[in-house]
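These are the structures in question, set out in turn.
Look for chain A in each of the two complexes below; its partner is chain B in the first and chain C in the second.
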Partner chain A sequence: MAEPSTRRMGFFTDTTVCIGCKACEVACKEWNDVPDDGFVFRATSYDNTGALGADTWRHVAFIETGDRWLMSSDVCKHCTNAACLDVCPTGALFRTEFDTVVVQADVCNGCGYCVPACPYGVIDRRERDGRAFKCTMCYDRQLGGLEPACAKACPTQSIQFGPLDELRVRAQERVERLHAEGNTDARLYGDSPDDGVGGAGAFFLLQDEPEAYGLPPDPVVTTKDLPQMWRWAGGAALAMTGAVAACFLRRR
Partner chain B sequence: MAECHPVGFQWVMEARDRGAKVFHIDPRFSRTSASVDRYLPIRAGTDIVLLGALINHVLSNGLDFREYVLAYTNASTIVSEDFRDTEDLDGLFSGFDPETRRYDTRSWAYEGDSGQTDEMREGDERHAEAAGSDSYGARGAGSSAEPPSDPTLSHPRCVYQILKRHFSRYTPEMVAELCGIEPERFAELAEAVTANSGRERTTAWVYSVGWTQHSVGVQYIRAASILQLLLGNMGRPGGGIMALRGHASIQGSTDIPTLFNLLPGYIAMPHAHRHDGLDHYIEAEGGETGYWGNRRAYLVSLLKAWWGDAATADNDFCFDYLPRLTGDHGHYTTVMGQIDGTVKGYFVVGENPAVGSANGKAQRLGLANLDWLVVRDLMLVETATFWKDAPELETGELRTEDIGTEVFFMPAASHVEKDGTFTNTQRLLQWREKAIEPPDDCRSDLWFYYHLGKKIRALLGDDERDRPVKELTWDYPEHGEQRDPSAEAVLREINGTGPDGKALPSLRELKPDGSTSCGCWIYCGVYAGEVNQAARRKPGREQGPTALEWGWAWPANRRVLYNRASADPDGRPWSERKKYVWWDADKREWTGDDVPDFEEHKPPDYTPPEGAKAQDALRGTDPFIMQSDGKGWLYVPAGLSDGPLPAHYEPHESPVRNTLYGEQSNPARRTVDRPENPYNPALSDRFPYVFTTSRLTEHHTAGGMSRPLAYLAELQPAAFVEVSPRMAAEVGLENGGWATVITTRTAIELRVLVTDRVRPLRLGDRTVHQIVMPYHWGYGGGGLVTGDVVNDLSPIVLDPNVFIQESKAGTCDVRPGRRPRGRALLDLIERYRDG
Partner chain C sequence: MPRRRDEEMVPEAEFRSYYGQRVIKAPIWHEPHMPVYLYLGGVSGAASTMAAAGRFTGRPRLEMAARGAAFAGGTLGAAFLVAELGRPERFLNMLRVFKPTSPMSVGSWTLAAQGGLTAVSLGSAVTGVLPLAGDAATLVSGVTGPVMATYTAVLLADTAVPAWHEARRELPFLFAGSALASAAAAVMVATPRAQAGPIRALAAVGAVTEVLAGAVMERRLGLVGEPYRQGRAGRLMKASRVLTLGGGVLATVAGRSRALTALSAAALTAGALCTRFGVLAAGRASAADPKYTVVPQRARLDAAGPASG
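Up next, the complex of A and B:
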């Protein structure tokens, strides 16, 4: 068994080679013992699980546009600046040694603060028990030096797992090659450390606008303004204290 | 391929990444269509028009690989002057008997071959009766090694000229009119296929049941074979015609067959009234030249494997112990026998015909009329539970209390709970280990048959007729608490042993004198050196491009069949780029990246001496070593039931007139004209829509292995029908709502998926709508999700060569909303039948 990595690990999902087989969804559920998401015929192309949620940690979107049928396997982005982690009051959410973001089900108290905090709508509470669940990037497998189940099961290497810096280089080369071949729609999503979440640990190569895949075009970590807000709040409190004090002073 | 073989499709994706251009031709826009360079929608059941037009394009523009065609095919061979083509007879070939709707195939022979005896004739009426041609076509008996030929290809009766004339009416205009493919799109395909063939390049075709499940299915494959031979794409790397199988080891189940008309290794099952003894059988089978000339060695070795010491030269090696055919014992004939009460018992192993076979109602009526039924499966599939949940109970056609069938359900071990081999479509045997013990009463098939055999043998007395079973070699080492027979011992028996008792290294060692035994001659060598060669797992990156040390491919570990054709007649590679197997003149042997599919030391200039037999009768330039003349057959002089060349016939049920010939449908197709199996009239306004059935990535065939699994069932939870927005508007269907699909067999209800992926086809000035229905659902079977049985819609109408049903192209009507229940359902069908 390989030694676990000490670098930041991530997913690069190249949707140009996704064939929509959903092996990632099934492998994820098998390994992580995620329950089914209900048996609902949604009449939305070949997608019957709908979206990422407490019971779907990998989700393959099917987008029918004119002549094209786009497929993309979505997953938790494992943000550099993760709002879910910022707002978690119990410490159930934590950052691992692989720089991924993981919920500990045995610590989670089901407060649900993390749910609205996620700019992608990924993390979700399971109705039956109230706790929050999402992709762990197979933390347990990584500890054993194994790649996550979804990447292992992907037959076309649409889902690639590895050190994030390497994946970013590889993705950049891939997108440049696609552009050279005339596929000018190809673009990376979530790869930039300068974006609103400080760069995603799971990023994508898309063939259309992010909105077409149900992804926010310009996600911003919801707790981004927190320090500033605290500063303002602190300033306001100070000012208020000052004002109150001044009142007292004047009265004197 | 992406839809049903996603793991194999990774190599197509890799080929694309390396510059391969991939076309997908299919009535349905599937996940494959989404991942290729060009998708061509086609009307279901018209592929011979398209392939024929490609052949015509090659022939009329002189684009064939002439050197290859001249040397390696029968293009120059001259055909009997009695032969008449469809061009002469408006869609019929010579020899057709309108009474029996069968062909007398004598006039199709090569010139000078008419001397063959009646016994040696193939594919004609009597052989068609028992699907003989299933094996005959592959074997290529019934003609001599050196038939008359004209190397200038100008003789009017040479195969090349016959082909040219036959396919001349297959034009791009006909493709537009019948298939619905625009001429520009056809031109693009034709250009790509021809530009990518020749010395420097090869093109491969991949098909699955979209080509085979037709009343003219075998001829679809024949059409592709002709194209590939003309372009020089057979026996060469990157070429060929790949049959994608329906599930794991279907290839294995034809090699060591579950088919009624074959013995292991494609040896024909003897016939009760035609084959008196071993000598007579061998003589009647013909084909003394080419590798089938060794048939006696293969068959005697098989008999030795089965009956061991009891098989001696004096008793014909127990040839008379073999079962005999008396006619067609195929699946659908068996079902009709059940309904008639002549078939009393039934073993169903790993199949679910109540859901998976055409005309599900006929299947279930048959099951309900048995004395006993054994179902071996992982789950309680519908075939085992029909007596309590078949749709016929709701309509009143069956009543549980009236069904006398005693059902024995035997739970089976899954593939991870037993060891053994899978043989994949490229003939690659891969050994798998047992990972865990099967739970409870679940047992492997090997365990089941071995112990059943032991129990039966223990019951036998001294009756003469029990001797074939009593004298069988039936002694394998047993392992573990459950006394599992050793699968490796079985594989070794299949490999065969020599006089010294050691595992044979190669099929060339097989002898006709009873000194060798071998359970399947094409598998001989899989246990060479007393090593399980199928269990080899040397990673591809640690070996050459053909990875000869991964698993083992039959025959003789060859990865590309007929690979002698990858070199030119002189034995040199056709090009550096496509170098594969070649003649090393210094060492005087064939060598290359693969195991040469040729005698190692037979030089390219070898000429057979007078009277030579078997492979010795073939020249050093004859790569197709199983054929009696060593040539690739553009024209099939013997072996097929419905013509020496493919011709387009409309499906039995079609809304479109065949504008190519006066014959609307395959004149030799096999119909089952019975009340249980009514047909929609052709060209009927009552059934204006074309339907095709399909599969999804998320499910497995009739659903027995996927519907009970939550992780798969949730991904495709409902039976649905895909329709175009235009048709949805025409019929009044709503996305997500319900539709009722109606044929004369029954009506079923499905959820509606309206999608732009389904495109109405323009045929001349009319539009044809097609609908697509995956068939994975059923009424029970322990499934978490249920649905109506799509195959209940399909008629039983069969290809006359192999008796496969036409489930990929039929007609129907479609209405919005759910179907009627109970008696009202029968009334609805009644109204449709009566018009």
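Up next, the complex of A and C:
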């Protein structure tokens, strides 16, 4: 990648080759100056990071069951229809020329609305700072024609970065090959433009149900129902006005 | 992977999760800021509608009390809202764009309009300056008021929190009823008996609407509505129902008694606050348990086709 591209860029995380080294977590923190996320010994698995948040932009999940270990590096999905971006009242969240979703730290006023809006529980407010933070897909590196730090650091190419349409083709081929090899658990997650968020800019090849990895099985962007919500609120507002008018006129 | 079967009223809760961790983030809004803002916004919105109605029907004392409540609710509410921000000094960034896709953006502009209008309305009434402008502001705030009282329902429903998003039909009515009851409570105590008839009626109408909308919501939501019935949220919602209904009944029978009117107003106010705190607590509980996120989504996928997922 010499020239910065203006095609839609994305991540394809192939969890079948993830070795759980957490180099992505470290590289992300180093490059983006992300503070520590607490030094917690969770005693559930080799995962002592826990979950994505304001101070965790890559999170390696460890699912240690019986005869197999599943590892998966989770990240912001950079949704086609992004709830965080839709609900942000200040315009701090915006869509970049790479079709990624980024918070402008100099605009965010820490209202916190994006936090419960995200169907994946990715974005969070850094309480000691007051603003919301999440993965930028290394917007600054992309502007310089570089790949994001996590993809650069990944030693097994579990994290692949590139134009989204190319990644989707590559992922389809990969899952078909795995099926042919007898790995029928392999499945793509977030690759379909027909899903509830219009397709994720960061999608995954998983080997179990999404919820086993802490991912929502069928996420839907909340603003999809917004026109319906305003209709019901409008009905309630009219009913309220009607009730006031009726009570005042009746007792005139 | 940890599997879990919950023995509860609602059957079918077997689902998979990542060590029982939540899938979505819980709302980070603080107590008391956020629920108190919901309450104050409701008071302001409903009170400004009452002020406009009082103006039209010639009830000057009632109108004056309602103008005061509308202004106080809007201004105090805005203060709580600013204090809630992670970067309060940047509160004006709310007004750098208008985004119809963001209920908080719509709400910020509504609150700004409501605050300005009710300030002009009350200022004119208190000082006697520019009475026409004061009346015009009162009438326009009669239009922004109902928006002010109900947009907060959309604010909560437009999130990934299951107990809020799935309640998108009932929440506006719950909040409109709560707003009517709590504004009526505030205006009632400052209005002489001779003019307070419509306010007492509205207190009862609001109380009944609030309780009915809550009951319908909990019944319709099934599993997703569980957080409204359990734990701290459950206790708050139950308390709200008792206080609101009691206050509503008392408002209609208080007669000339100042003490009973004050008691009714106190019960309605406490009930409305319990509703607002209860809805926030239910939203947090709903986000904290992966069950409410995973089970309905998995059911949706399974209904669409066994191979998906």
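The rule is simple: the second predicted complex is superposed on the first by the 227 of 252 C-alpha atoms of A that agree within 3 Å, B and C clash if a C-alpha of one lies under 4 Å from a C-alpha of the other, contacts with A are read in each partner's own complex, and residues count from 1 in each chain.
Here, a contact is a pair of C-beta atoms (placed from the backbone, for glycine too) under 8 Å apart; a residue touches a chain by one contact, two chains touch by 3 or more.
Given the structure is predicted, the values throughout are model-derived calculations rather than measurements.
Asker: Give one of first, second, both or neither to describe whether A:M71 is in contact with chain B, with chain C, with both, or with none.
Answerer: So A:M71 only meets chain B here.
Asker: Considering only touches as defined above, state whether A:E30 meets chain B (first), chain C (second), both or neither.
Answerer: In the superposed model, A:E30 contacts chain B only, not chain C.
Asker: Classify the contacts of A:A61 with the two partner chains as first (chain B alone), second (chain C alone), both, or neither.
Answerer: A:A61 sits against chain C, while chain B stays out of touch.
Asker: Determine, under the contact definition given at the top, whether A:A243 touches first (chain B), second (chain C), both, or neither.
Answerer: second
Asker: Check the residue A:C118 against both partner chains and state whether it touches chain B (first), chain C (second), both, or neither.
Answerer: The answer is second: A:C118 touches chain C but not chain B.
Asker: After the superposition on A, what does A:C88 contact: first (chain B), second (chain C), both or neither?
Answerer: second
Asker: Going by the touch definition up top, name the partner, chain B or chain C, that contacts more of chain A.
Answerer: C
Asker: Figure out whether A:S45 sits in contact with chain B (first) or chain C (second), or with both, or with neither.
Answerer: It touches chain B and chain C both.
Asker: Give one of first, second, both or neither to describe whether A:T156 is in contact with chain B, with chain C, with both, or with none.
Answerer: Touch status of A:T156: first partner only.
Asker: In the overlaid three-chain picture, which partner chain does A:E209 touch, first (chain B) or second (chain C), both, or neither?
Answerer: second
Asker: Which chain A residues are contacted by chain C in one complex and by chain B in the other?
Answerer: Of chain A, residues 45 contact chain B in one complex and chain C in the other.
Asker: Across the complex, what residues on chain A touch chain C?
Answerer: Answer in residue numbers: 44-45, 50-51, 53, 61, 63, 65, 83, 86-92, 107-113, 115-125, 127, 129-132, 187, 208-219, 222-223, 225-226, 228-230, 232-241, 243-245, 247-252.
Asker: For a test of understanding, state which residues of chain C touch chain A in their complex under the given definition.
Answerer: Contact set of chain C toward chain A: 1, 15-19, 21-29, 46, 49-50, 53-54, 56-57, 59, 84-88, 90-91, 93-94, 96-97, 99, 101-105, 107-108, 142, 146-147, 149-151, 153-155, 157-161, 164-165, 168-169, 171-173, 175-176, 179-180, 197-199, 201-202, 205-206, 209, 283, 287, 290, 293-294, 297-298, 300-301, 309.
Asker: Any idea which chain A residues touch chain B in the complex?
Answerer: 17, 19-23, 25-26, 29-30, 35-43, 45-46, 48-49, 64, 66, 68-71, 155-157
Asker: Can you name the residues of chain B that touch chain A in the complex?
Answerer: Touch list, chain B to chain A: 2, 6-7, 9-10, 13, 17, 29, 31-35, 696-698, 710-718, 720, 735-736, 751-757, 784-785.
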